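Please find the structures below.
Below are two complexes that have chain A in common, paired first with chain B and then with chain C.
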Partner chain A sequence: MIKELVGKNLRQYGIMLALVAIVIIFAFATKGRLIIPNNLWALVQQNAYVLILALGMLMVIIAGHIDLSVGSVVAFIGAVVGYMMYTWHVNWILAVAAGLVIGLLVGAWHGFWVAYVKVPAFVVTLAGMLLFRGLAQVVAAKTMAGFPAGFNAIAGGSLPNIFGHIPNPLAGLFAAGSPFGQPLDGLTLAIGIIGIVGLILQSWRARRSQISHGLPVGPLSLLVVRWALLSVAILVVTYLLSMNLIGGTPIVLIIVGVLILIYAFVTSRTVFGRHVYAVGGNRNGALLSGVNTARVDFGIFVNMGFLTAVAAVVTTSRAGAAVAAAGQNFELDAIASCFIGGAAVTGGVGKVAGAVVGALIMGVLNMGLSILNVDSNWQMAIKGLVLLFAVSLDLVSKRRNAVA
Partner chain B sequence: MKFKRLVATAAGVALALSMAACSTTPSGTPTTDAPATTAAAEAPQAGGLIGILMPTKSLERWNNDGANVVAKLESLGYTTSLQYANNKVEDQISQIQNLINQNPKVLVIASIDGTALGPVLATAAAAGIKVIGYDRLINGTPNIDYYATFDNYLVGQLQGEYIEATLGLKDGKGPFNLEPFAGSPDDNNAGVFFAGAWDVLKPYIDKGQIVVPSGKDPATKADWTSIGIQGWDTAKAQSEMQNRLSSFYTGDKKVDIVLSPNDSLALGIEQALETAGYKVGTDWPIVTGQDADIANVKNILAGKQAMTVWKDTRTLGDQVAKMVDQIVKGETVDVNNTTDYNNGVKNVSSFLLPPEVVVQDTVESILVGKGYYTKDQIGL
Partner chain C sequence: MVASGSPDATTFQNYCYFNTSLSESTIEAGHMDNDYILEMRGITKEFPGVRALHDVTLRVRRGEIHAICGENGAGKSTLMKVLSGVHPSGSYTGDIVYEGNICNFKTIRDSERVGIVIIHQELALSPFLSISENIFLGNERSRLGVVDWLDTTRQAKELLEKVGLHEDPATRIADIGVGKQQLVEIAKALSKEVKLLILDEPTAALNDDDSDNLLNLIRQLRAEGITCIMISHKLSELERIADTNTIIRDGETIESLDMHGDTDHSQEHIIRAMVGRPLDNRFPVHTSTVGEEILRIEDWTVYHPIDTERKVVDGASLNIRRGEIVGLAGLMGAGRTELAMSLFGRTYGTKISGRVFKNGEEIQTRTVEETMHHGIAYATEDRKKYGLNLIQTVKENVTSAGLNKLAKMGVIEIEAETGVAEEYRKELNIKTPSIEVPASKLSGGNQQKVVLAKWMYTDPDVLILDEPTRGIDVGAKYEIYTIIDQLADSGRGVLMISSELPELLGVCDRIYTLSEGHITGCLNRDEATQESLMTLMTLDKDDLQ
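Presenting the complex of A and B:
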């Protein structure tokens, strides 16, 4: 019983442990530089696009499809949003709204071919990859920069320090001026604590509802251990982040955080989410059980289009420029994150938390290797090997569990 | 078989002649005009197909370059076929093959990978087609006839010398904090740019007048790829600069100089500096650049970029068009360097154009004055 529980949980948390291990290894190898608060801030900003795209890509992959077009669509929508602000001087909020609508339309375009004409998603989105890269180059023939400050703040700005700063209780441990001895931003701490409380309340409510429906639940002690570990992790990250000297909580972290919560809810608690798993797990079975598989496929791609537009806005805002070459290989980053996070190539399997952790692993690797001054050629090679080993480890451990 | 080829050649010549006739009078220099007017029947005429191959449409500069070369050649009476290869070597090889089959007189190639064109250029040579390397040298083949480029070593040297002069390094001032960047590891020119700058700056590093807090200073200029930014990617440069600023500039330490080889990298670096809280007028470092992209020219005016090395790509287009014309007419082709550009097989006869430094005070006189940008375009 205990062995079974440990085995099951190890599998579930193995990838999270891998992330923690990678962080610790790089923190030591870079002499603590990896976890300097400003680097944490930058880590969020640098990887926001992967996290956003991975959420959409996860649902695409769970349903047994793939989307190769997202990098090109990011460039295209970024170019259009940039063009509106640069050439037509459209208000940036309107330009962003228009970008999101275009994202929905692009998603509907892909969804139409996949769901109703039944062209394989691989082919449809391969076509989309060429189509939208071409259009991006038409719209952004010249790099456009010099956008309103409000727009650039989406990815480059921080929330205001409305709660002021609190003296750092550990400041005495570090030399004066050390990045680890800075005062703490009150708002960042508050957000972290709200996060912890929310997480505990949510899992407690889920447990109670399972009990009330007479479903079996694990021992309470295990839940408490889980709470303790997650709380410590969130606290450490919040504490470090609150010391950053760039401003405060990155605005883009709030955007990403809200999206993660929404998609965790959508995939696990809604009818649509269950239909996505059903379609991916057994398409014919789902069809026979009365699931409108075409509508589910269509919805998945419309959703992917929307998230791609969000990523496009974030990417364009971060660069402060609309570049035709933007978004190269973004689709591969998103796909790799999902697979590292335990999604199955055959569909039907995958979790939001896994995809998020997968994206963070790639992000930490990128940053750590860069601080260590590893040649960019070798960085690529190393990331390729990590992808392969992470997925094979996951598969091997699943197979062993299936046998046991 | 022989007869067929004869007919085809005759048809081609007729076509070329009719095209030359249709076009406006060739506007060449007096020397090129002279043989055409005196001995129209014997001397080869301007006209015929010229193939122009460019790497990608996704970077602003190649769009300008392509359009410019086409305009110049067409005004001289040539027919052109301009092709972009989406930064894929294989696509460019196919495009060259397809063009060879259309019997062009000259191929103008801005290669994606300068070493991957050997076999296809052998076919071109067998068909008697002359090849001009445009801006990027084509390596490892005897079948490149001429090379036209800006003096890339000088580009880096100008960047280095700008830093040297602005900071008073010759007068022994220092120490200053430098963060060096280099271009895409797969681009031949990126190493040349870096070498030019490093030959100026490295002595000051050795003397301790310049320090590199990140430790990312290549031991020799040949090790430049270790700090190369793949694909000249703005976003990658931004991430790299962010990482260096967060990791190595803690406390009161500030970066004084960023050696950026070109404008697309500089754009990302400037964005990272802004996020990290650097302010123009107080602690903003010297950032170098190259290409005079519109976004960067605006940044120069705003004080976020100190300088850019401008290569008037129109003069490169003019020069290449002139060389094409000279090749077709069988005249001596203008070159000014036959010793420095060895492609591994031979010294390629080259024409090097001088680049020019643009700073805040000279943006208007140089870029607007020479009609490269309008005042409106750069927000003056």
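Presenting the complex of A and C:
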């Protein structure tokens, strides 16, 4: 009984354990430098684009498609937004809004070919990859830099320190001036605590509703253990972020966090989300159940276009410049995150939480290997192997499960 | 007894061994003019939970055309799969005696090596390769792995000449019609030096000219000494061509008729032998209260999606009334599923024409959504492929067709959804550990209940149920019949498609028969028998006019 319970949950949380293991390994290998507050901050900032793209890519993959164009589209939209601010001096908020609209249009372009002309997404987005890379080079013929401060703050800024600082209760444990002993930002702490409380309340409510419908639920002790682990994880991250010298909570973290919540909701609670799984799991079955599969396909790509635009804004803001070469290999990072996070290559399976953890694994690998000064070519090779092993491990364990 | 001059002699001995204890009867038979090329003795084949063949005997004379007929699911194709090694030796009991030797075929290649070639109903040609490439697929004319194209073309030409197909061997398969493709299959068989050719419903997809052409070719092959086993539903065709006709029912040999002899081999006799199943009380007692007409289809015609010149459904008209359970009977390939799917949002076929009336008013059914909007539901024949999403949960499957009823502004009310799924689980007695397990974990009967629940939740006026009890056990069947009765009692109309005639007779108020795309009759429950239905189901197009 216990063995079965552990086995089942191990499978479910295996990928999270892998993330924790990788963090611990790199924390030791880098002698703690991976987790010093400023690096944690940089980790969030550097990998926001992967998280954002992985959310859209997840739905694309669940529906049984693929999108190879997102890297090029990031460059293209970044170039257009940059051009508007740099050459036409358009207000940055307007420029960002225009970028998001262009993202929707690019998504509609891909969606049209995939959903209504029935060209395989691989081909459509391969064409898009070339098309938008080319257009990006046309628009950003030369690098454009020097954007308004507001725009640069999207990826580089923190939330204002409205609650002030409180002294670090653990300061005594560290040497004076240690990055771990700094005062704590009140707002960041507040957000972390709200996060923990929200998480516990939400899962408690879900459990209550299951019980009221007579559905079997796991033991309460297991739930409490899960709460404890998650709370500790959030607390640690909150603690580290709140004493960052640059500021408190990164704005981009809020953007990513809100998007994660929205997409977790969309995939699990909306008709559209359910239709995405239905189309990916059995396209003909979905069609014969009255699902408008073409409209679902179209919607998925429009959504991907929107998220690509968000990633483009974040990437351009972080670089502080619009470059035609931006977004190289972004599509591969996003796709790898989804697969590492347990999405099925054959469609129909995948969770937002999995994709997020997959993206974090990629991010920690990037960061850790960089701190260790591993050559970027070797970094790429290592990431490739991690992807291969993660997916084959998942497939092998599934096959064994099916036999048992 | 092995032909020592045959190039296959050595390989032959790898799969077949000389049987010293060969039964007396065979030896005796050899002395008479009845020289048997094949004897299948006491073949029994079981699949988990099902006995597909039980002690089947089949004796085929050298150089004859031997027909095998039986209802859908009688075991004809399984028997041929046993013979050709698709079901390998060891997975069945009984002996295959071919050319006097007991054979243990492990794969199709083994049986082909000794000259047994099977041509399946769904042709196994590669559409974008040429005729000559297809003929020698897996059997390439080559030296050291390099294909000799000259030799390939030359030999392909000779073979095409033999089967009377006047096409360039370089033509792609996709560019020739089904009739010609069938000839390519035969040419391919000839290239393997076939001695025993098995054809599974060879004329099912052919028009009259192509059928005649093919039957003539089979006669010609017989004259050249090639023995032929032919599975067919077309009784008039069998009458013209077969020398012997073996009838199989429920996995057992019923009889073998000499089609030239004096014993009764009339179509009526064959039909009786095919359908003579016992009618037992496996059905709930039910009296329908029939009301107004709810759905009418007029002059419904559908063409094949790829072979766009062929009519799959031809001028079919039928109607269903409130509270009525209407049956639709037809043999494989008659166009039952095609009729249902073309009606249900045009999910099958091209050039669909005809009119549909709901409660007397003409409606359009161009998409699934539109058809569902008119209160029509269709539970598919293949529940795993089309009816369910196996990786989604029972709950998600139950609500998948009626999800919009559970949503406000596109957001699903999860608690209400759970309530709905639980309600159907109890109402239909779906046996599952929980509504949160994937549908793949359920047994066939319970999966079928999930499919029914899914459509019941859309609250349709008309339900089309395509083979609702296929592959499920007797207990679950009874439960499904009860559900169907309840659906009719609630004032809905039900159209039930089934291959099991006793089931149609036990459940339906009225039964339409379909043959080669035509509605050939409509019998009320009290006037219908298995024989009368089968007679209508095997009517030829020509008999209609």
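Methods note: the second predicted complex is superposed on the first by the 403 of 404 C-alpha atoms of A that agree within 3 Å, B and C clash if a C-alpha of one lies under 4 Å from a C-alpha of the other, contacts with A are read in each partner's own complex, and residues count from 1 in each chain.
Keep this in mind: a residue touches a chain if its C-beta (ideal position, glycine included) is under 8 Å from a C-beta of that chain, and two chains touch if they have at least 3 such contacts.
Every value quoted in this text rests on a predicted model; they were computed, and no experiment measured them.
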Partners on chain A (chain B, chain C) - clash or fit: fit
Which superposed partner A:R318 touches (first chain B, second chain C, both, neither): first
Contacts of A:H65 with chain B and chain C, given as first, second, both or neither: neither
Which of chain B and chain C A:H110 touches, first, second, both or neither: neither
Per-residue touch tally on chain A - higher for chain B or for chain C: B
First (chain B), second (chain C), both or neither touched by A:S370: first
First (chain B), second (chain C), both or neither touched by A:T270: second
Contacts of A:V349 with chain B and chain C, given as first, second, both or neither: second
Angle at chain A between chain B and chain C, C-alpha centres, nearest 10 degrees: 110
Minimum Cα separation, chain C to chain B, after superposition on A (Å): 30
Chain A contact footprint on chain B (complex, rising order): 56-60, 63, 185, 214-216, 225-231, 233-235, 238-240, 242-243, 245-248, 250-252, 264, 267-268, 271, 274-277, 293-295, 298-299, 379
Touching residues (chain side chain C, partner chain A) in the complex: 344-345, 347, 367-369, 372, 378, 380, 385-392, 396, 400-401, 403-404, 407, 410-412, 414-415, 418-419, 422, 434-436, 454, 458
Residue numbers on chain A that touch chain B, as the complex places them: 30, 33-34, 36, 38-39, 41-42, 45-46, 133, 136-137, 141-146, 156, 177-179, 245-246, 315, 318-321, 323-326, 328, 366-367, 370-371, 373, 375-377, 380
Touch list for chain A against partner chain C, complex: 209-210, 213-216, 269-272, 274-275, 277-278, 281-282, 284-292, 348-349
